[in-house]
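Labels A, B, C and D are assigned to the chains in the order they are written; within every chain, residues are numbered from 1.
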Amino acid sequence: MSLAMNKPELSAYLSQIFSQIINDFAIDALDMDGITMRLKVATRHLRPGGTVSGPSMFALADVAVYAMILSRLGPKALAVTTSSSMDFLRKPEGGSDIVARGRLLKLGRSLVVGDVLMFPAKGDKPLARATMTYSIPPN
Amino acid sequence: MSLAMNKPELSAYLSQIFSQIINDFAIDALDMDGITMRLKVATRHLRPGGTVSGPSMFALADVAVYAMILSRLGPKALAVTTSSSMDFLRKPEGGSDIVARGRLLKLGRSLVVGDVLMFPAKGDKPLARATMTYSIPPN
Amino acid sequence: MSLAMNKPELSAYLSQIFSQIINDFAIDALDMDGITMRLKVATRHLRPGGTVSGPSMFALADVAVYAMILSRLGPKALAVTTSSSMDFLRKPEGGSDIVARGRLLKLGRSLVVGDVLMFPAKGDKPLARATMTYSIPPN
Amino acid sequence: MSLAMNKPELSAYLSQIFSQIINDFAIDALDMDGITMRLKVATRHLRPGGTVSGPSMFALADVAVYAMILSRLGPKALAVTTSSSMDFLRKPEGGSDIVARGRLLKLGRSLVVGDVLMFPAKGDKPLARATMTYSIPPN
């Protein structure tokens, strides 16, 4: 199996379909082993006190797994998030981008499970982990 | 045990500390049994196709549980989300507000666990469920 | 919709297919609103110190949701657990049975989501909560 | 930081405190990066059809994370499971042991989060993933 969409193709496609939010994210790397997706942290992602908000971290994990699915199945793929689990491990400081490293644990015909670890842009202690499950509707 | 903050006190307090996001939410009801928190769905909460986004649902569940903690422990309470699990059950249509019904399953000294079911404003089939765990730092 | 199997039919069927473990469980109640399933706590379910083990609680939640699926879809139903989330809220004392109250949040064609709260047989403070997701293979 | 208990010390300690279940498990490897824990699959772990049961997989993930906590904090450590999330990815065949590879994502003063991937003894496609959270009671 190989990628159905490479990094520039996927970036262009996401910009087109997610025009509202795509300024928040950038794909740093993409291959068959997984994705590195960046949350470009701005004031709108912060909570009082300067931490990056939980919903922003959720959005990052969700889009990272969705992008991996598209990269494998191509732009026509339909996929909806059916469940997620997250653990918040350390306080994410607002002054730094957050980088998500995602991989697909399973790419089945009807279920896809992706695993994501999130780090500060310059740091190696994980801020959060997430597992996102997507359902692929029958054709 | 009784409420440390009632509905108007809590609404006022959330408006003050979460000025960025509080226009998104309203407390419909609050008592010792739990909370009913409303997501006032607007264009910024939608995904292409008109569904309410996953991060918006996450934010609703998170703020519902946080508000219950404040209602019990008062405005000085410190609490940080440590984990969450969510299941997305049905497609949330964008034309309707979403109503979260939350209750606290455990209010411990260091861990709080809250359970949330989310419904369309006019409907009784749940759209999503979430469990949010908060940690209370030692004083 | 009505039940495809009632309580005695389901109890008999579970005894037949799960002969190894069915001595551990009993159905206390079953209707369209949900199930009450009992873990008949014995020494083999205990950890040092006398608490009921986590795997025993997992098994109780899992069988409660599986039994609800069978009660709706009949004995021919195929269903496999695809994900679970659990929160352990209070220490379950070994001297008492544990009672699980389960309901189905979604009974879709390919995904079923069930929610379970577990209580001591005589007590109203929940010991644990669980959500179990089952996948129904395409026919 | 270094290990408070090495592999033989930890194996001996687990045999002593978990005499009921320790015949089910073996530590294959242990260092500061994590643990490899083996479920020695026997008939009692199987479901009808020959799959390894969900509760057995849960037990494996739980003991793997607990063992890592002991390896770091020593035999006096108190730790109780507070939450877990699991995803079952592929059918685990009963003829083969299951090997869990665990690592600690966070070892805090009051919360520990461990991540586990489970594989067939001879195979590189994951059967399941789990995250287990433990609470360390204040001294």
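Keep this in mind: contacts are C-beta pairs under 8 Å (C-beta built on N, C-alpha and C of every residue); 3 or more make two chains touch, one makes a residue touch a chain.
Since the structure is predicted, the reported quantities are computational estimates derived from the model, not experimental observations.
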- Query: What is the chain whose Cα centroid lies farthest from the Cα centroid of subunit B?
  - Reply: D
- Note on the structure: Note: of the two pairs A-C and B-C, more contacts are counted for B-C
- Item | Rounded Å distance between subunit A and subunit B, as computed from the means of their C-alpha atoms | 23
- Query: Rounded to the nearest whole Å, what is the centre-to-centre distance of subunit A and subunit C, using the mean of the C-alpha atoms as each centre?
  - Reply: 34
- Item | For subunit B paired with subunit C, centre-to-centre distance based on mean C-alpha positions, whole Å | 28
- Multi-chain contacts in subunit A, i.e. residues touching at least two other chains, fall at 82-83, 85, 87, 133
- Query: Which positions of subunit C touch subunit A when the two form their complex?
  - Reply: 82-83, 85, 110-111, 133, 135, 138
- Message: Applying the document's contact rule, which stretches of subunit C touch subunit B when the two form their complex?
- Response: 85, 87, 89-90, 105-106, 113, 115, 117, 126, 129, 131, 133
- Task: Name, in rising order, each residue of subunit C that touches subunit D in their complex.
- Result: 17-18, 20, 44, 47-48, 53-56, 58-59, 62, 80-88, 91
